[in-house]
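Common to both upcoming complexes is chain A, partnered first by chain B, then by chain C.
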Partner chain A sequence: MRIVVSLVCIVTLCGCQREERQLRLDPPTAAALDGIALMPNKIGGAPPQIYFALDRPYETNAYNLSQGKRLYTWFGCKGCHGDGQGGIGPSFLDGWWYYGPETVSIFASIRDGRPHGMPAFRDKMTSEQIWQLAGYVQTIGAYSAKTAAPSRNDDKQTRPAENRAPAAILFNEGPTPVHPDQGPQP
Partner chain B sequence: MTRRIRTALSSVPLLLLGGCSNWQSALDARGASAISLKHLIVLIVAVCSVIWALVMIAMIHALWRRREAWRAPLDLRAPRERRIGWIVSICVGLTAVIIAGFTVASFFTTRNISVAGQDDLTIRIGGLQWWWSVEYLGPDPARGFVSANEIHIPTGRNVRLLLQGDDVIHSFWVPSLAGKQDLIPGRINEITIRADRPGTYRGQCAEFCGLQHAHMGFLVTADTPEEFAKWAEAQRATAASTTDDEEIAAGRDTFMRKPCAGCHSIRGTQATGTSGPDLTHVGSRAFIAAGLLPTSRGALAAWISDPQTLKPGNNMPLVPLSPDELRAVSAYLASLK
Partner chain C sequence: MTDTIAHAQILDTELERPRLTGQLAETWKTESGLWGALSTVDHKIIGRRYITTAFVFLLLGGVLAILMRLQLAGPEQRLIGPDRYNQIFTIHGANMMFLFAVPVMEAMGVYLVPLMVGTRNIAFPRLNAFSYWMFLAGGLVLWISFALDMGPDVGWFAYVPLSGPQYAPGKRADIWAQMITFTEVAALAVAVEIVVTVFKQRAPGMSLDRIPLFVWAMLVTSFVVIMAMPAIMVASTSLILDRLVGTHFFNPAEGGDVLLWQHLFWFFGHPEVYIIFIPAVGMVSTLVATFSRRPVYGYLALVVALIGTGILAFGLWVHHMFTTGLPRLGESFFTAPSMAIAIPSGVQIFCWIATLWEGRPVFKTPLLFVIGFIVTFVIGGLTGVMVASVPFDTQVHDTYFVVAHFHYVLIGGAVFPLLGAVYYWFPKFTGRMMSERLGRWAFGLIFIGFHATFFPMHILGLEGMPRRVYTYQPDLPWHGLNLFASASAVVLAAGFLVFFIDVVMSARSGNLAGDNPWDAPTLEWATSSPPPAYNFAHMPVVSGAHPLWEQPGALNVADGLHTDRREVLVTAITTAAPQARESSPQNSIWPLLTAIATSIMLIWSIFSPWAVVWGSIPIAITLIGWFWPKGTPEDEA
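Right after this comes the complex of A and B.
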């Protein structure tokens, strides 16, 4: 009986362990995070080593995802991409990534801009903010569900929650591709 | 030794009294609604203290009273029972009367403090994590202007504040001038403040709103109407676009090139971001970062160089700047009077 009680206590205490929030990124770490290696065609590539050393914080940490969601509104992403459904700019929800589904490509798209209207945010955001935003955008159109979720919407829900792998749902919808030009990866 | 203890004990009430007069105290009321709230507080505290003292006296008396031995506990003594019955009924009746009195008093106070005239001075207050946006709306939209974390009001005039939370629920509280009023996303709440004498009053967010809730302060400065008009005219002006000072010019250039301009506005320049506080006259405000540090060039430099150490979790990122750039930007911001 005593063992059961102490086990329950230990398990309860484990519940107190909550997600770590890294509020302050050391400047050298932030600078290193900027060093991504892109393929020559600017599609796909590898994040810097430090990204893995930090355990992919911008894809798996709920605080970073929430900050990314905040930045999505702050920097006017909604103006072109809507709530993820797209508009003037491409949709994220359909799981169709013009420049590949890796977070590092999304980071490059935000930082350096892309042809046909995507502006570069290099001088408007710090690289930490760009990573947070990229992680959030990746989550909107991710193929697999995540346990970490950004904060909820205050206004009406217009699409499934970001962390529920909406892209996979849309892919499985039926024989008609959701995206008109959907085909093999570019 | 005893004398020292006595001195220490007698200084305690003095220290407590000192807490009553402050730039952020509901007991140091300087505005009409704060005064009526203070009267309500005093009334309720006084009546409740008297009742508490009477109850304590009755209880101590009951505990100390010598009781005669009582042979037959089931034998009721009628006169005594009747007396007890009377006392209990009177106490219950008094309780009902006192509570009803309190209800009436608080009804009248609430009616007094929610007077909102159609005054021409209307200010929109936005609560954000973790600072306040202050927008002066006038009858003429061209004469409106935006500031942050500091509200100036003319004395002797009702000022209507439109309160709205822009991210989560906050609460606007300037204890010396008025009661609390929540700022709720998606709706506009109103509160009317009025200061009868010039002075500076501190306010504070009074609804837990996240990590830096404690560092979400602001100042309300009440000026004479002439002083206020002068201040408003100065705030309406855009920031100077030319300067002879090389460092300030370099600072402005850096501010526009770096991510600063992505979030902050400085009217009269290319910086038009709206996610952070408006900095057009940041050098004229008494505090930066919502009451965190008194404004000075050094404090500005400290804040810019490491905001996450000074106010962990706030939404200002650490923008990497070289020492020269930092010096220039802080000189530029301090010059924005």
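Right after this comes the complex of A and C.
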């Protein structure tokens, strides 16, 4: 009986995180989310302490990932990156990250911009929104599908949805790599 | 064991009464202990479980209703946030429809139909056990997911695109869709059992015109279930496919159709209302006859009305969709049956009034609930005719007027008769009477509390208060009526509390009932209370629609069944002339194991499509175990 109760408690805790919807963050939390510590070369670094206190909600929480997907459309990411396959800007779908695959690097890219055309969204989005978008962008290039990843949109389909792990499909496509710079191993 | 079954040869004619009942009890018994409880196929034990579980879900759903009323008692309340509120109203609706109303009606049928037609067990008893376990698993899925903060939040109807892949992130909508599958499998199983029981296992002499009205009602309901439920299973499965593997059933950009969802849902959803309502009117017909001390007026008209309701139920699903921009002709076409369904309902109401008028009514608690039903249901029916008209419906669509309307027809039309039926059949279920005094209190509180809670919602709806809002602003003129409705909801809840207290207390220490405390005419009262495992020592033979009134004292009986193996009598479909002795399955653990395997597959398939492949292997194994040949001899004609 005790085992059953403790199991239920554990499942409860896991479940809470995955599906929880925080519709409005506490202002101190929202402010603290901005405090990332980047490496001097602006690649990689540490997310703020609060990020771990919240249990990395922007990578594993279904609601945040799906909000990220909406922000991806709303803030014009498609203009350069297309549906994730790239365009003027680099592709995410090939799983090749110029500035590393960590969410904090992607956060920094969106917030501060990058050379060769990536604008800074610091003044256009809140930190929470940037985290949501970063988590989603990371999901596009994930090698294995997250269960929490968004599904298809009600649009014309140009590629498999995020929860079908398209990046993995691309890696297994054959001897010829999809991205010329990618090399044999990601 | 196999040996004794293979050589069944002791006939009941060869045994004296005490030895006969002793041997029947041995043949039909459910072992005590956990194993016996898990492997039983006795329709009475399963029916009682089903009813109890459904009432537990009623209690849980009622708690959610009270939470919503507390949140809406004043403007800008902060008891429940918008996200939690969405989950609560969805689970309240889904729970009440799929886990309370439909199962409880089917459960009453599972318990009562075999007794009322005078047979020893329901047809396909193992399927019956499977059905209960599936229902229980479906209920647990819904409520555990709610506890995990991943309860469905898309409304009990889960309209796409809001429940589709783009707008319903996470697994919440999938939980809803799969919970549907669980309860539909359970309901379909019971429906098939009841159809076969009513058609092939009636007591000799119970021709079609002598079937009790509740049994007729369950028969019609079962056919409605069989025809309506496949639509929703197709719909919910398509939804999961859209969400998980990216099919395009409901994606207009790729040739799918959003409105298709509403058609599939309401093609099931409207008959669903009658799946709940038709058994309830069967109960009312039974109660009215018993407590008026005379046969019900217009038996034929009532049966035809039941069948007519069942048929018309499939002709009015579009009236839920009047505001979706359908062609005018379509709207008019579906207005016609929406109004026409009032005719069979009206016929029944007049038959009941005529019965009461001509009889000598005894106003015990069950009859009070019937009176409450007639009053409430007529009001709900009138608002139903109102919303059947397109211009009026366009005005009040998605407002509290509709909330008021369907609570009037569902609580008034189904819960009132059900509570009356519980008071009526409780002595048969437990052998003990419920308290008349507490019963009157329960009725009074529920009746007053119900009307005071839901009548103001008509006015709120006309004033424009939309459904499914978690709060409203202080400058809107809805505060007073909402506060009044919330306060009345407490009275309503108190009434249900009295009812539950009465049930628990009476089950432990009520007055002993005896076989037939109400002097009722139908066969379930011919056996002891609660009935023995074999229901009847001899098969009753009936020569009228009211056997216990027509043959007071002792019933005619038929014999010639074996007592050392489980046998039921198979009779002809129209005349109920005896045709064959059919063996009835033994207790078995396999239905439970199959239900567990099926549950694992269904829940897993929310997360991975491969579950359907790998999950079907354990199901196949358990089904093989279930149907493994037993060496039972062929049935004897």
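In the analysis below, the second predicted complex is superposed on the first by the 162 of 186 C-alpha atoms of A that agree within 3 Å, B and C clash if a C-alpha of one lies under 4 Å from a C-alpha of the other, contacts with A are read in each partner's own complex, and residues count from 1 in each chain.
As a working rule, a residue touches a chain if its C-beta (ideal position, glycine included) is under 8 Å from a C-beta of that chain, and two chains touch if they have at least 3 such contacts.
All values derive from a computational prediction rather than experimental measurement.
Undergrad: Between chain B (first) and chain C (second), which, if any, makes contact with A:31: first, second, both or neither?
TA: So A:31 only meets chain B here.
Undergrad: Which holds for A:94: it touches chain B only (first), chain C only (second), both, or neither?
TA: After superposing on A, A:94 lies clear of both chain B and chain C.
Undergrad: After lining up the shared chain so the two structures overlap, which partner does A:65 touch, if you call chain B first and chain C second: first, second, both or neither?
TA: second
Undergrad: After superposition on the shared chain, which partner residues are touched by A:163: those of chain B (first), chain C (second), both, or neither?
TA: It touches chain C, and chain B stays clear.
Undergrad: Identify the partner contact of A:23: answer first if only chain B is touched, second if only chain C is, both if each is, neither if none is.
TA: So A:23 meets both chain B and chain C here.
Undergrad: So, A:83: does it touch chain B (first), chain C (second), both, or neither?
TA: The answer is neither, since A:83 touches no partner chain.
Undergrad: Determine, for the superposed model, which of the two partners chain B and chain C contacts more residues of chain A.
TA: Touched residues of chain A are more numerous for C.
Undergrad: Going by the contact rule set out at the top, does A:128 touch chain B (first), chain C (second), both, or neither?
TA: Touch partner of A:128: chain B, not chain C.
Undergrad: Once chain A of both complexes is superposed, is A:154 in touch with chain B (first), chain C (second), both, or neither?
TA: After superposing on A, A:154 lies in contact with both chain B and chain C.
Undergrad: Once the two structures are fitted together, what part of chain A is touched by chain B and by chain C alike?
TA: 21, 23, 67, 154
Undergrad: Across the complex, what residues on chain C touch chain A?
TA: 81-83, 145, 147-150, 161, 164-166, 169-172, 242-246, 248, 250-254, 607
Undergrad: Using the touch definition up top, name the residues of chain A that touch chain B in the complex.
TA: Going through chain A, the ones touching chain B are 21, 23-25, 27, 30-31, 67, 70, 74-75, 121, 123-126, 128-129, 154.
Undergrad: Can you tell me which positions in chain B touch chain A when the two form their complex?
TA: For this pair, the touching residues of chain B are 185-186, 257-259, 261-263, 275, 306, 308-309, 312-313, 315, 317-320.
Undergrad: Considering only the defined contacts, which chain A positions touch chain C in the complex?
TA: Touching chain C from chain A are residues 11-12, 14-16, 18-21, 23, 62-63, 65-67, 147-148, 150-157, 160-161, 163-164.
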